[in-house]
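Below: the structure, in structure tokens.
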């Protein structure tokens, strides 16, 4: 074994650890669910937990095992059809799968599928020394970590909208924002934006480029529930001057007058959490608000949301990572953005329209996912994610 | 114990046997389901199997135990809210239950609920000698039997619309219609319609009355799959002259060109059955057709469907009971129809508009449900039931 | 000219008078409209006045002139496509006409079209002596008269739902129901139903047959606005026990709490009439209620609606003709009903499902349309017609 | 009269000329319409021509006459309710106006309204010397000019979607793009963006600021119909790799396979123009494409759309003004953007979400509306505007 081979072998071994840890983490998230909780889809933007578990597995089967293991035998040929999120291959069967109505394969079948694929990838990493394999497995790990975060949102939505509001005891707790309120001043000038290290990043963070930033001051704290209650009490949801026209339609058509999961019980706001139905904690950061609500709050406060560039430049000066922070930037390609080749190229570019960038990370984000160049993005009416608000003046 | 008491005691004992048998039959129907199959609602007209099991139990709790057992303690106060089909009591909770998204209570919880209520009703029948109790338990039994039939339809719909089309091995098999084709002539005259015995019937069968019937001839056989294939092949689904205007819209908007569960696989019709995906058997009776299709077929054949009165008068001259038979009669109250008092009065009368009567029974109908005065009814576009066609000329 | 020829000539001449009178009547109905009022379609069940004028003209062009006048030249080949209500011929043009968006041909174009066709039919009646022509022209006249009644409903709907509620001064006024309340008793027995004269009738009135009627008593009066106010005030729209399940959904989904055109202005009910916005007259008969409302009112009053057979038998004993009267009979074919051949056969049979029969006539019905065997029919949620309620006990 | 007064008087006089010219221009646009064409609303994004005429008049009544003329008497108090686009005042009437169903007031009423308001504003400009008046009248003129452009789009949509495709002879003709294809290189650097002159601009052009631009090359020509045909013929509408995910859904759900108004007549593309239905001219610039299509075309061509900043910087080097040019920039506020106070502040800011910026002007744009800082904006699926494509590499 020459030096280079040793090095690759070491990288393979490290990647295997990360891979197994990631797989275990997904299974840990669902350990307290009942079988019944795995198959429902209470809203279009929610996927059933079973689907996340199977889809992130299919990704390894499709892009790792089928490409790198010539002896690999598919666990079940139907699964590629059922758990592919892209749908651009037309299957032979007459009926299209509807995620929330797919009771078969069962949860147990899917867990068997996970085990089978995990074991085969593990074996492959032990036996192969192609460097390209590392790249694809790393993408697969990051992909599964993204689905872990969605899984956390979806579990909350599935349980939090049940009449019986069951608890799940997931250890994803927000901490109070107790630091003293300060505004950090950033100087005007040309700054460089984008991921500049060797480490993993998504294609949307590349296209490193310069941008001109005007002077601004940014808060060291997230908006808290208490602060948002003041907005509600002063009639924030009833004053159309604070809202985008689309936002005003959104809250009125959906009769929204508080963040998602909040309920007014005889004059006291309560919210659903993984650990139960509790009075809202005024010192904890506000979450589960849409971009429309984040914007209206900023208008009411006489301030504004940061651009994603301002956020990237200023983020070293404050603590972040409890919640994804809505920015005032639409999700657009960076200058010189290049889509990756092949199916992996469908990952980001095709979503760069009519969405808004969020920066930071949340309590549900995998540790190695946290980086200050990371560009998350959602439609402006999404509320089930762990979103938050930081203001600029 | 006097003679009268003995007699009541005997009736109680018989009712208990019927009751326990009915409860067991529901549980037998679902014995091969996976937990995942119990909670989905793939269409508005389908209820999740879990809901049927709980709702038929709630009925006994609400109308039997709460009224006749002063010591009865509710299994769970929430269940009255979650499994009441009437919804006219407003619950305290913020969120309304959506049957297909209700993952809690779990299947196991519901089976515990069944056991608890079954045991309590059993005990009550052992210990009570109020005659009124018998009437309510009998209604509860008939109610649960109706839900058993719906359960059979819903299980088929849930599994038959899955991409993987799993089998369930339910023992509900249609037999071939092999008798020689004959038409039975019935004479013109005034006939008496309605349930005239002492035995149980629903309120919609009462209002015994006379009706004048013109002379007619009715087939001794149901239409078979082979006969319906001839209709399809001759362009029946493409000739608007055969259809009601609403029927024509229905098949075009829903792109319907064959009975439900039929798929054309390279020129050969197959259908989904509880026992798998099989080529259509030409000698078996046609089923899973809407009223619109039954009517169009009759138009094509140059005949017509019987009225429900013709069917009632003629039914003693032919075999029936494999399939519910669409009649040309709209579902309307009989002369002198009286709605029962109280919540039980919501049973039938309020549905007497925009539906069509079916007569007979099906392979999924409980034995003691079969009687020639029984009036079943469904909307004209329903296809998931075991419906069939018998012609008149 | 022989005797027979003379007779036909006389019949032709009489038919011409009826024809011209009918054409004039349509034009009289629209004489006070503004050009803008002719092209809108504020609801699916409403047709623009321009469309009625053109469609009833197309009917004569298609079934009279094209078939009987070999020299006839189409006014405009597009019109057959634009004003055919059947849509079963596919036009060459790319775009399908949407009645309410069709600004061209203009109202003036359509009036020219009417004149051209009227003149040609008139000429044909002068010059032809084929007896078959008489039948088709008679159908055309009756067809146009039906559209006159719809025109009256549609004009009211178009203007009555405008913010400015303009008046039109149509001379269609209801009279008070001031006769003393009586109930007319009809004896049990076998009665003959259907049109038995030589005169014109629609195919749905044929199939003369016997029916058995139980004894009943029918009101000599229509329900008045004042009586209906009592129903509203006693909570009729809020008591689900009075309603069909579909009716309850209908009034709740559409937030209906009074007849169409009624508005509660500071505690006093007003309604829109052709002559303006006025306080509701308590002594005039109630109108613009759906079948669901008619049924709920009857339930509340402890009575019921008549069947169409009861109505036909009893109608000689009371005054009728102000309003179409909802019956409890679904619209079904009579025994031995035969559909007419060809396109005219699409007239009635294909609508015999999910509708309810109304009997009588209304202030907007042409005189010669009034006969006690006439079967009108509408869906159970229609309210823009001149409907009324007569009770049976 | 002092020097200052003279100057104001002169400005008033000039403004009056602009005002009268603008009013006449609106009336010129609609001179060939039939009365029937004025009241329809064939799509949500279309307003009836009558509404545009009345709404731009209401604007002068509301913000000029009511504020500056103490003797002014409203033409009709209802009109403020009917022709206010903001709807945030609740009217007294029961019924909300639906623009396409409002047949009254008539076209003639609205033209009287225009005349009355025009005369009163004219008189006011003659008699007043308040400088603030000039600002509001100027906004009113610009507002009416914007509606003139929408009027041109809406007239085309109303007529171009009729089965009879009538012509209107509007003098808005595109010219061929015959110049030689060149790409203009712009250097990297910090540029200043925004309106910097004293002349009129909208609030969204303010917030003059610096931006850093990377080097780029921009085409001197718009994409032509001929070039777009090559895209279609090579399967551009069928290759999902070229499209945004939302764009792919949009074209599939709406079955879009060519620009709006194009129809394939036996293999030859034709389009509807104001002057009739003609074969598509290959040398004229492509128009009536959504942002989604503009983006897909650029992907196919291996280039991209310019940002709005690139466009503003480069626009002095090429001819523009035939068509609004889709940019890759989302519509967002400039740094330091301030919303105007009061109702006029609703003009722009509230639309700054989920829309895309277009730069330039079109053949339907008023002359004085053309400036290189103008920011037009529409949703990404809008196609009825005069949109075009210019590429960057």
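Lettered A, B, C and D in written order, each chain numbered from 1.
Keep this in mind: contacts are C-beta pairs under 8 Å (C-beta built on N, C-alpha and C of every residue); 3 or more make two chains touch, one makes a residue touch a chain.
The structure displayed is predicted, hence computed values, not measured ones.
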Minimum number of chain-to-chain touching steps separating subunit B from subunit D: 2
Taking all residue numbers at the subunit A/subunit B interface, are over half used by both copies (same) or under half (different)? same
Which integer distance in Å separates the CA centroid of subunit A from that of subunit D? 38
Rounded to the nearest Å, the gap separating the Cα centres of subunit C and subunit D is 46
Where does subunit B touch two or more other chains at once, residue-wise? none
Name the graph shape formed by the protein chains and their touching pairs; answer line, ring, star, complete or other. ring
Spell out the part of subunit A that touches subunit B in their complex, as residue ranges. 34-40, 42, 78, 81-82, 91, 93-98, 100-107, 158-159, 161-166, 263
Subunit D-facing residues of subunit A, complex: 88, 190, 209-212, 214, 240-241, 243-248, 291-292, 295, 328-330, 332-333, 335-336, 345-346, 350-354, 356, 380
